[in-house]
Amino acid sequence: MEATAFSSPLLEWYNIADPASPELDQLADRYHLHPLHIEDCRNRDQRAKIEEGQGYLFTVLKPVRIDAEGDFESIDLDIFLGPNFLITVLETDCPELRDLVERVRKSLTPESQPQRVYYRLVDELVDSYLPLLDRLNESIDELEDQALESPTPELLSRIFSTKRTLIFLRGILVNTRDFASQLQRMELPGLSRDLAPYFRDVYDHVARNLDTVEIMRDLLAGTLDVYLSSVANRTNQVMKVLTILGTVALPAVVVSGIYGMNVKGLPGAESEHSLAIVFAVMVVTTAALLWLLKRFRWL
Amino acid sequence: MEATAFSSPLLEWYNIADPASPELDQLADRYHLHPLHIEDCRNRDQRAKIEEGQGYLFTVLKPVRIDAEGDFESIDLDIFLGPNFLITVLETDCPELRDLVERVRKSLTPESQPQRVYYRLVDELVDSYLPLLDRLNESIDELEDQALESPTPELLSRIFSTKRTLIFLRGILVNTRDFASQLQRMELPGLSRDLAPYFRDVYDHVARNLDTVEIMRDLLAGTLDVYLSSVANRTNQVMKVLTILGTVALPAVVVSGIYGMNVKGLPGAESEHSLAIVFAVMVVTTAALLWLLKRFRWL
Amino acid sequence: MEATAFSSPLLEWYNIADPASPELDQLADRYHLHPLHIEDCRNRDQRAKIEEGQGYLFTVLKPVRIDAEGDFESIDLDIFLGPNFLITVLETDCPELRDLVERVRKSLTPESQPQRVYYRLVDELVDSYLPLLDRLNESIDELEDQALESPTPELLSRIFSTKRTLIFLRGILVNTRDFASQLQRMELPGLSRDLAPYFRDVYDHVARNLDTVEIMRDLLAGTLDVYLSSVANRTNQVMKVLTILGTVALPAVVVSGIYGMNVKGLPGAESEHSLAIVFAVMVVTTAALLWLLKRFRWL
Amino acid sequence: MEATAFSSPLLEWYNIADPASPELDQLADRYHLHPLHIEDCRNRDQRAKIEEGQGYLFTVLKPVRIDAEGDFESIDLDIFLGPNFLITVLETDCPELRDLVERVRKSLTPESQPQRVYYRLVDELVDSYLPLLDRLNESIDELEDQALESPTPELLSRIFSTKRTLIFLRGILVNTRDFASQLQRMELPGLSRDLAPYFRDVYDHVARNLDTVEIMRDLLAGTLDVYLSSVANRTNQVMKVLTILGTVALPAVVVSGIYGMNVKGLPGAESEHSLAIVFAVMVVTTAALLWLLKRFRWL
Amino acid sequence: MEATAFSSPLLEWYNIADPASPELDQLADRYHLHPLHIEDCRNRDQRAKIEEGQGYLFTVLKPVRIDAEGDFESIDLDIFLGPNFLITVLETDCPELRDLVERVRKSLTPESQPQRVYYRLVDELVDSYLPLLDRLNESIDELEDQALESPTPELLSRIFSTKRTLIFLRGILVNTRDFASQLQRMELPGLSRDLAPYFRDVYDHVARNLDTVEIMRDLLAGTLDVYLSSVANRTNQVMKVLTILGTVALPAVVVSGIYGMNVKGLPGAESEHSLAIVFAVMVVTTAALLWLLKRFRWL
């Protein structure tokens, strides 16, 4: 069969890169896979989960990747684990997923048991979240700095898009944690107990990833607060500049307006020093106004 | 009986399009349906639920539709499932619901068991949420873009109305999930075990729908944040424009005010180049002010 | 005894309109009611609850009413349910509560069992929340419309007062739901099993009411967001008007200021068309400024 | 022993006003109290809790008081309850706590059993929260009114300080509720079952207090919203006043500026009615501007 | 062996300051430590946890420190507890951690049992959070005062950084509480029951620390609200100052503009008292405007 990825007396591993392929139907027949599970393989966007079938475990995992446009994308990886067979179904034949499967395949020996391979696949998957989490973490640090420095609408858009990624990632990790928690309690003929610490370790890693995402959500919410406060601060500062401009202009405008009137008896208008007097009045009034604003902390 | 939708040795299916109809009372008599359940059929706006009656299961489901005005509306669909009978009661005789029932009815064969039909109805119902969810998802994407582009009051009103829809939808899905969870644990004489994977599948679909709604709620909350930040940003920008206008005007107004005074000794006023001098003062002061604002990042 | 509301071989019902009355003490003696329960009857503002006494169930219910000033008010209704007696204690002798008791009393027959009457009382109580919920729902719709139309301080005060009512109502309904949940599991000699569906129905109604309140809380929170966004929008718009006024005035003020100066050589000042020239300069500058603001989307 | 507060064949009650006193060590020796419990008595700021020791129950309660500066303060009250002894340790010898202990001591009779005294102490403590809650409730009402009327920074500071008190109080009540819940399930040789309704009553009172605190937290959060909306409203109104002032001034300034220019041919400048004409232009333009603003709801 | 920290017939304690050291591998061999646990020791940033190995308990603890730049940092401390051995692995050889281990080592006697030493380590660790919590608490008090006094962008940055620390600390404490809760229920050959009260005490301390962190999070959220309200208040005040300046200037500018016009018939312009009249008009109009603003509470 074309899909055979590995074959040994202990294990037949079929890797199916196209869920629509008729090979999947043949395997379903041979190993009595439940029609609903085959349907799940062929419909995208399942939740990460583990279900008991008759004589096998059916698992949906959710690898994630960043596509060419920098957008977050999640893929379905379906695994059937039987006492002596393993079937992996890749929803999309993307390089990241193919690499992951390849890494596991290369590490196999004729003694590899199906459940051991299963553990390796799950472990690789869980670790594959880490680079993405690191990248998000750096991105949030940067967003925070920029929110303080220059709160532009572009930044807002980036905060929102990071939030969107975190929301989706959290959804996937919550389901993966539930999967890992169930995995620890699963009983299957042929699923020996000595993998228990390994499955607990998987749970531990997923839980740590989820902790990280929750912390990043909190931090990102803080970034938005910083953004809003930053904008409010800047508006406040612009207002102050405007008010200071107004304060500086006011006496000059009022005094020059008065001395520009066509009325008689403007004090000092006929004097030789009229200009100096008028300037003195302007400067003193402006200074007094500014001192008042400062004094009563109005600004 | 007029309401008979399907009849076979294994199954009598009655479909009642008007809950007030006396046929419902006749069926209640024949199958010993509990008066409270009949009352539930006749009062609208029940919660999605499943209850054990004497020898039957009573289920309330909540199909949803978008009415002509684009408003979200939920309907009641009541199902009585017995060992050899099935009664469906449609609260409103709307086309969507009638189609759903019709689709199930057409797929029946003489071998169809009541519980199988029941599963088909529930499955169709759960899938009927998907188009609505897709539509909401697109709508939220669009709202977010517009919140950044042009935060108008109309947009605010649309955000709020989408929020309203999500709140109602979430309420319905939470109850439907509880129903699906109970359904998996229900024991009924004649409810065979081999439907268990199907009911788990129903639960899975409802849970996925609910995940989607929660994610959309999060995204919509983000849209409102974007809206508010956008308005704050714009106010900030308008303030800046106003301040720049003030800065540009200030020297011109003050200087021309001063040279408009009826006082003696205005420097250069008698000179041939007075105008050029005055203009130079204006331009230099304006430039200096703008440079200051820029330099100390006051703007 | 004066307080006797109904008497039959199966049931003695005492209805006490004044908790301070010595009749309550007599009944406490006769039926061995626990002193703490009597104390609860005499102290207002208990939580809705159900407690087992020796040979009876003690229940506190919380009817609600809207008083003359439109304010929300909750009352205590205490019920002792024994195998052959029922004691109702009304904290306040208000018309709504008296009507409720009266409606139940009128429906009794000599065959009415205490627990049946108890169910009727609880059922009437739970239904009595519905008109209040409907009224609140309408009120929130109206608040939302006004928040968009005219966000005045009075509206803010009304939003807050509605919020207050919802908070209190929610507190009461949460406790009532807990009561209804316990009621389903209660075992009492003489509390026959055939009321179980009815008590489940009560639970269902309370849960639906609570769903409604939670949804209304969400909607009201949205109304406040709309209010705040509306105010921010309006401030933004007022700012724009101010800036446009400034833009229109600026050239006129600057140009007229310049031509008002007592300096020589103002271009065209001596010309016959000086005014037309000056006006042309003003109009062209204003138009250019407005076009610039529009062009760079600064407004 | 100096610390003996009450002595009878059934009960030895020691009340220790200074946790550092060596009497506590003597009692620890005599009754085999666990060193960790003695340590808890001597370190302040424990959580409210109940723990089983060997042959006794150790309880930490948290009375609260308002100190001279109006600040909220919590104290530790430690109780050891044995089959025939009771030890109370007061962290601080404050009047409120001394009164509480004294009230209980005065109500004792030679028949008083330790657990009865214990109940009385717990009951008094739980009731001692009520005056504080009432005071906070009034305070929140007042804050809300002022937030609408005059949102000053002082008010903000008071809202925050009330929030702080509620946060601390909530922390204490949550722990006290857990204590009361455990108390109902505790089994101790010599702890007879007939106190069960009393302990349930204690739980009920704590739960009611906690409900009240949660409601007050919700209301206070609303008060802050009102505060912020109030400030936003006022800023909006100040902006409108400024814009109206600008609108009124604009035509006068522009027109008088134009007629102040040293150019020829100002229309009507030479006429006898020049002033009237100019005034008419000013008034008409102002009125037209105000009408426009009103008409297009720009203000 | 170099790593031996303490040796007695009852206990071999190995303290490994560098997780990469080959001594760890030797110990893993000797005591059959699980490879996953050794891997956990060598990878940083594990979660606080406790796991059962074959014949030993594996614990990860998370001491925290403030580094030279005042930044919060968490370290890993791994402990293997066996019936007669104890292995501590320090992720980083920092002074605080070395002191902690040293303090415990010095308190040992030849009678010290492994589990007793284990308890001492855990207890010291939990207490080591207290100084950090106190420092954060003071810092929040200070931030709140400054938010009211002078809401600068630097303060915003400090609020956010404190929030970040609280978020991380909370994550660690939640996991530590789960660890302490599991610790109480752990069963290990050789783990005697008389340590139970001590482990309960550890749980109690962690829970109290977590309460404190939750309260601080609430308080810090309040500080941000105060900050935002403070900025809004200040903007409002700056607006008022600007409006008052405008109000004061308006009559002077309008009146002087009018009297500056080159038109005939300005009232009083030819009079001897023209200046006094004009001034009187200015002052009266200004006063009237200010009175109006005050009267209708527009300011």
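Which chain is which? They are A, B, C, D and E, in the order written, and residues in each are numbered from 1.
In the analysis below, a residue touches a chain if its C-beta (ideal position, glycine included) is under 8 Å from a C-beta of that chain, and two chains touch if they have at least 3 such contacts.
Predicted model only: the values in this text are computed from it and were never measured.
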Labels of chains that are neighbours to chain B and to chain C: none
Size of the rotation, in steps of 5 degrees, that lays the CA trace of chain B over chain D: 145
Euclidean distance of C-alpha centroids - chain D vs chain E, Å: 23
Cα-centroid distance, chain C relative to chain E, in whole angstrom: 37
Residue list for chain C, restricted to those that touch at least two other chains: 228, 232, 235, 239-240, 242, 246, 253, 257, 260-262, 266
Chains in cyclic order, anchored at chain A, direction fixed by chain E: A, E, D, C, B
Complex interface listing, chain B residues touching chain A: 144, 148, 197-198, 200-201, 204, 207-208, 211, 214-215, 218-219, 222, 225-226, 228-230, 232-233, 235-236, 239-240, 242-243, 246-247, 250, 253-254, 257-258, 260-267, 293, 298-299
In the complex, chain D residues that touch chain E: 34, 36, 45-47, 49, 51, 53, 151, 153, 156-157, 160, 163-164, 167-168, 171, 175, 224, 227-228, 231-232, 234-235, 237-242, 245-246, 248-249, 252-253, 256-257, 259-262, 266, 268-275, 278
